[in-house]
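The next part holds the structures, each set out as structure tokens.
Same chain, two partners: chain A is paired with chain B first, then with chain C.
Right after this comes the complex of A and B.
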């Protein structure tokens, strides 16, 4: 986590004012980190799902489970103070959840075929 | 559901794995080739200046509330007054970007190189897959799909009795083409071909009129409502400190 700028430290929990205290570049860097972690986790999760031989719905359930775990991990990495790194909760929980799906399906299929089909 | 097909392990060793490996390697190769071909053009001083100016104005706009009203007005006047403000562009001086593009052949050349470095490897790989691996059932996706996906997943196999979840080699190529994007962004960093065009737009100011962006920045600077944040900050500090003392 690069972008914890000083002014955001002032943002205490009850202060919900409209003054943006987040540095835009740092915010962007944080978003990029989220994107990378999600992509990485979706690839790893695809391989895991394939090796364990999940088929059908259970694989997708595993995907969303992994995404949820990633979200929790990211929040933990942010020290449970999401508002000092991001604008809203949505950014850390929902962003890029569907973007990794294609990678997940690809690696799921790949691992599943190699291990179980042939 | 039709009876399960038995796929030969040789298909795995000689079709599925090589195809995926080749796709990854070609993606890496394309990245480095396009990096080599990227001509480092000297940026036009005027364009760079205007870009920096826009960034400065944007910074002022973003942090307007942290400076006193008087300072803000002075800065705004500096940027946007009608005589010699930095953001003020006299009418008729605006350069047409289209004309600029034609006058500078390097730009068009750069565009073409980029497009070619995208298209050529894809065409070659597709031809290669078609030539060597046409008609293989290469993979099976682990979830059921409806008949509608048959044309998408069994491109190159004309059998209607095969279960839809079997994937032909040509379709496996397409799946790789789209699905490996995430992997590329991981192994090649952010500057891979996917957001290359986007980055180019931002950096060289190509495709957007610099004077237009100056005008837009001036307008948004003009309409901004200044609201000094510091008094509120003092109030907030008071609250926080009181809480600490208690």
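Right after this comes the complex of A and C.
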């Protein structure tokens, strides 16, 4: 499937020489959707980690668990046909994972302070 | 976008999370009275958190919009790709001699 897509894309780009092999605007819109989902889920994960009273490493483990679940959800949203919506698997699995970490820590400490300290 | 179903589900999930936080605060107050140590939230709070997580996940996946196909030859990209071949459209042909029925399209 993957090899077939790549070979056909190459062939068409050689033949027409100028027409792009993928729609850049759609790809950009898809990436924006992924960033929205990841940011929202990192905030929710931070609130959950704070309410559960996690401290230290376990909170980060929870964060990466939630990001993995979000990745699976995004792949399911794409109908398990990642290559018709994205260039590579990295874009749907890895992009934005570290970017949400800061908002996760912010809401983690925020919820922890409200629930457990005050 | 308006208040779509996913948006309402997300609000419900966040409200459930707030309720779980409130329950934990009350539980900690109870522990303070009973002079016990906090070892973990009660099972009802954990269940609430799981429910809130699932609802928020669903909202977070549906609200931002649907994925668009990046293949230029796919069905849904036919109209998007139309301006790419404007150079090949010719209107100076014999068809322009005949009168165009403009109202025909408006009636549809």
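Everything that follows uses one rule, which is that the second predicted complex is superposed on the first by the 97 of 118 C-alpha atoms of A that agree within 3 Å, B and C clash if a C-alpha of one lies under 4 Å from a C-alpha of the other, contacts with A are read in each partner's own complex, and residues count from 1 in each chain.
Simple rule for what comes next: a residue touches a chain if its C-beta (ideal position, glycine included) is under 8 Å from a C-beta of that chain, and two chains touch if they have at least 3 such contacts.
The model shown is predicted, which means the values in this text are computed figures rather than measured ones.
In the three-chain model built by superposing on chain A, chain B fits alongside chain C with no clash. When the two complexes are overlaid on their common chain A, residue A:41 makes contact with chain C while staying clear of chain B. Applying the stated contact rule after C-alpha superposition, one finds that A:108 touches chain B and leaves chain C untouched. Once the two complexes are laid over each other on the shared chain, residue contacts for A:55 go to chain B alone; chain C is not touched. Of the two partner chains placed around the shared chain by superposition, chain C is the only one that A:74 touches, whereas chain B remains out of contact.
When the two structures are aligned on the shared chain, A:100 is found in touch with chain B, with no touch to chain C.
Shared-chain residue A:91: touches no atom of chain B or chain C. Once chain A of one complex is fitted onto chain A of the other, the partner contacts of A:26 are limited to chain C, with no touch recorded for chain B. Think of it this way: put the two complexes on top of each other by chain A, and the tightest Cα contact between chain B and chain C is 7 Å. When both complexes are aligned on chain A by C-alpha atoms, chain A residues 19-20, 24, 32, 36, 40, 53, 114 touch chain B in the first and chain C in the second. The touching residues of chain A, when paired with chain C in their complex, are 19-27, 29-30, 32-33, 36-37, 40-41, 44-45, 47-48, 51-53, 66, 69-70, 73-74, 77-78, 84-87, 111, 114-116. Taken in their complex, chain A has these residues touching chain B: 10, 12, 15, 17, 19-20, 24, 32, 35-36, 39-40, 42-43, 49-50, 53-57, 59-60, 99-100, 102-103, 105-110, 112-114, 117-118. For chain C in complex with chain A, the residues that touch the partner chain are 13-14, 17, 20-21, 24-25, 28, 38, 40-41, 45-46, 49, 52-53, 56-57, 59-72, 74, 77, 80-81, 84.
Those residues of chain B lying in contact with chain A across their complex are 7-9, 11-12, 16-17, 20, 62, 65, 139-144, 167, 175-176, 178-183, 185-186, 190, 229, 232-233, 236, 240.
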